[in-house]
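Just so it is clear, A, B, C and D label the chains in written order, and each chain counts residues from 1 on its own.
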Amino acid sequence: MKVGLIGLGKMGLNLGQNLMDHNHSVVAFDLNTAAVEDMKSKGAEGAASIKELVSKLETPRIVWIMVPHSVVDSVLDELKPLLSKGDIVIEAGNSHYKESIERYNQMKEFGVSYLDVGTSGGMEGARNGACYMVGGDQEAWDIVEPIFKDTAVENGYLYAGKSGSGHFLKMVHNGVEYGFMAAIGEGFEVLEKSDFDFDYEKVARVWNNGSVIRSWLMELTEKAFAKDANLDEIKGIMQSSGEGKWTVETALDLQTATPVIALSLLMRYRSLENDTFTGKVVAALRNEFGGHAVVKN
Amino acid sequence: MKVGLIGLGKMGLNLGQNLMDHNHSVVAFDLNTAAVEDMKSKGAEGAASIKELVSKLETPRIVWIMVPHSVVDSVLDELKPLLSKGDIVIEAGNSHYKESIERYNQMKEFGVSYLDVGTSGGMEGARNGACYMVGGDQEAWDIVEPIFKDTAVENGYLYAGKSGSGHFLKMVHNGVEYGFMAAIGEGFEVLEKSDFDFDYEKVARVWNNGSVIRSWLMELTEKAFAKDANLDEIKGIMQSSGEGKWTVETALDLQTATPVIALSLLMRYRSLENDTFTGKVVAALRNEFGGHAVVKN
Amino acid sequence: MKVGLIGLGKMGLNLGQNLMDHNHSVVAFDLNTAAVEDMKSKGAEGAASIKELVSKLETPRIVWIMVPHSVVDSVLDELKPLLSKGDIVIEAGNSHYKESIERYNQMKEFGVSYLDVGTSGGMEGARNGACYMVGGDQEAWDIVEPIFKDTAVENGYLYAGKSGSGHFLKMVHNGVEYGFMAAIGEGFEVLEKSDFDFDYEKVARVWNNGSVIRSWLMELTEKAFAKDANLDEIKGIMQSSGEGKWTVETALDLQTATPVIALSLLMRYRSLENDTFTGKVVAALRNEFGGHAVVKN
Amino acid sequence: MKVGLIGLGKMGLNLGQNLMDHNHSVVAFDLNTAAVEDMKSKGAEGAASIKELVSKLETPRIVWIMVPHSVVDSVLDELKPLLSKGDIVIEAGNSHYKESIERYNQMKEFGVSYLDVGTSGGMEGARNGACYMVGGDQEAWDIVEPIFKDTAVENGYLYAGKSGSGHFLKMVHNGVEYGFMAAIGEGFEVLEKSDFDFDYEKVARVWNNGSVIRSWLMELTEKAFAKDANLDEIKGIMQSSGEGKWTVETALDLQTATPVIALSLLMRYRSLENDTFTGKVVAALRNEFGGHAVVKN
């Protein structure tokens, strides 16, 4: 198939190559012209604008958007007047499922199908076999399924149902991921505080071979410790990019008790602080009622 | 009544005065002779040793121990050979209720009654009206009730039942206290992170007058902010002295879900760290799978 | 002062009487005509419509809205064409502070001042002395301060600053309240699971006299146990009316770690369920890897 | 090697076969004689008592204990007089690491080496390739390493260091496992509460192929949903067998903030209750201050 690929960042570049490995042709666009040249050197057709990209596709056009979720709307605004009834837009970034549903409805007015695709597996997955969760109209899905099948790992894609379900699944996936990562981190922190003398790389390796918690994240834990045996070189600042927060907000809306996912998120926020106002208040109160000493700033 | 008071620290000194205010006579002992002199200057009889203290009491002797829980056993070891059947030992520090039950059983072998007393209200309470939770034998309680009635605030004492129940109640009281303090702290942290410009002392005052959360701890919050409007001068390091941990351990033993008390404790531990191994692991993992930058140490 | 009072539910009726006790005159309206008659019997002027209510006020008109937050907008829609430059609207229900800011901006277009007022203290407070947290323009506040001063308990009102700050403070107040209540509940649950035999009413009383956790909520705990010694008659279903959820959502937006408030909310949601899907999944997994028996439905 | 295997339950039987598959000879004992016969039919030598078992081993004897942790001490009491200097005891059940250290010290008095071995991977692992974490003396380890190497999966064993480190690692492993399981459960609960219509087996499959959270537990999740699509047949009661609790207790002793592991445990306890006293107290309080209706029992 011929796919118009908008967005050639870390994920887009890898996906483009993956598509071409499987004999799909790619028309590539990015505001960063160097990235376009890079894709051209690997066999893609380049485009200098979204308009040119669309003009190089055949009906029904398939446009795959792989951009930060904050710029999806501006890409869609450009696309809308250029697309025709029957065209299919695939948005495979990390958008909020509610926004995806809104975009689906907007595009539907133009007769354009809109698929929301959660993509997991990181850069390596995008290159060699990703994991896709797809929401949107079944008819559009039936047309594009082959490109997902080809670029996913075996059994690594799911048409999950109506619009929004793809990004919803990916959001929750990331919520679970937060929980896994926090559990692994806490486990190693207990090891680290103990008076045993563990070799963390070896611990991650044994936990990854035959144990109940063997997992890709444990493999990555092993890799990380292989590079820096005690993680001395990095700070424990846990950034987050939104999906964990969305999961917790959604859980609140659905009145669902998700303490593990919620705490994994709150501890990320805690890690952004050197000191907390909560701590100051509690320390001050202990001083007030019990005369307990406070540590002065 | 005549009371032998062992332990003249912050709590003991105040309690001794409180007892004498209510026409009880006090025989006071502490390893710190200056404290004994201080009590003498306020009207107490002094003792140079536990032996002397015991010799100055009348049968049935009433010995009130107000020492750190780590030294209770050594005090009891000294007392055991000196006391007789019918004497009453009151241990009013922050001991673990299980230890109190063991001590009760030990003293029972000598025919000595042992009351475990949880004391709340801080130094000011000890001086002017404390809050007591008492466990042990009813017969011993009936004898000493007057001294509790006199030194407590109105309705501020409770004979809670069999041995251990006093310190158990106090332990759980402190667990609840941890939760209150954390909730107050978190509330003010949300205020502090907002883009409103609150005067925290005034907020504590209004929350303390007519609101649902009016409480002594909110009064103390107001006082703390009155001294240091934004708590700029103190660090948010939240020490703990044991009862909160015991409450959580007890909850685990009883298979009781106490997430609020547990988290108020865990966040205290978190506040003791500048950085965490959990954070390092999570940051390293995010780098491994997503290429997210880590902050270097 | 003359106040137009819209909304004569549990809170409005009590507030109306409170206003009249302090020599303010009240024009009262509610869709429920019986409630209007009730207020009239207590000395208020009645109104058969919002239009009539407005017509009975003097410039600058003071309209106090005390309705569920879901109907505030429809009340404002009716009010807008009826009010004039300089009039003051007081909204003293439990609205989200962001909505209050939007309403403030809408009313400002008409030259009408809009004060967002968080009200605490329950029905009894509304009747005899409430607690108010007020946001909005200082000039409007200066005009109406006397009616707040008169109907609040001493020190029980605070002009907190710009629009939204009143409801923000009240929201966070309720978040803290969730934490207090959960901490109290957890404490009593530990008592209840222990093998001691506590009299909960007496425990609440002693904890409320001289202890660190003495508070209005502990007074209410005592009252509740006085009515039903072991709370045998009620189910532990913890409903919630929104402010706790808003507090957590706001904390997430501000990247603030509020585990205690968050967990007190999540456990309320958990209490709405007889069984959970989380539990089913975990039980099924234990069966898969360890052969642990599951309980059949 | 020749191994005396005490304990022929689910784990022991599988391990015995695994040992024999790798040309080790097994002398088997269990109080359940049918299990001994079973092992004999598979090629093991049987023993009618621990004494007989020991008598059939060659010096240095290797005794592998695979019994519930509550009966380890009674097995050791029988073994002590029968073993000689240089013999090696392997205890591969789920004992608390502190007990293992005590047992190590006890056995050391007899000159017997004691290895504490955490075993993961479930019954299937025991049969075809387990995961072992081993603590104890290096010299003893060097002797028995071959039998661990043969019965583990590749890279599935680790000599972790001094006595206790094996069971410590296994304990923390299980703590992490609790976190993983809770995160998976919470994720599916969010899916289940949403208004999408997910096929959970397919979701587990796609999350297990190429995604960041691919893991053995996700494989088991897929299997569980394959058997019962919505887990309608089982109750969400989450039992626990101790290691998660030990992990949290250890974290408390080490002053380590492990909120995710702690909450995964507390929610297991919550799942054992139909109703909670916490809930009753909170519901009663809401009724007291706000007149909110309670649900009657």
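Operating definition for what follows: a contact is a pair of C-beta atoms (placed from the backbone, for glycine too) under 8 Å apart; a residue touches a chain by one contact, two chains touch by 3 or more.
Chain labels with UniProt names: A, B, C, D = 6-phosphogluconate dehydrogenase (Decarboxylating).
Remember, it's a predicted structure, so these values are computed and weren't measured experimentally.
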Touching chain C and chain D alike are A, B
In terms of CA centroids, furthest away from chain D sits chain C
Interface of copies chain B and chain C: same or different residues on the two sides (over or under half shared)? same
Comparing A-D with A-B, the busier interface by C-beta pairs is A-D
Equivalent interface to B-D (more than half of contact pairs same by residue no.) among C-D, B-C or A-C is A-C
Separation of the C-alpha centres, chain A versus chain C, in whole Å, is 39
When centres are defined as mean Cα positions, the distance from chain A to chain D in whole Å is 34
Note: chain B sits from chain A at a C-alpha centroid distance in Å of 49
Residues of chain D that touch at least two other chains are 122, 182, 184, 186, 189, 193, 212, 216-217, 255-259, 263, 266-267, 270, 276, 278, 289
Within their complex, chain D touches chain C through residues 10, 122-123, 181-182, 184-186, 188-189, 192-193, 216-217, 220-221, 223-224, 228, 231-239, 241, 259, 263, 267-268, 270-271, 274-292, 294-297
Given the complex, residues on chain A that touch chain C span 212, 245, 248-249, 252, 255-259, 262-263, 265-267, 269-270, 272-273, 276, 278, 289
The residues of chain D that touch chain A in their complex are 120-122, 125, 129-133, 152-158, 160-162, 164-165, 168-169, 172-180, 182-184, 186-187, 189-191, 193-194, 196-198, 202-203, 205-218, 247, 250-251, 254-261, 263-264, 266-267
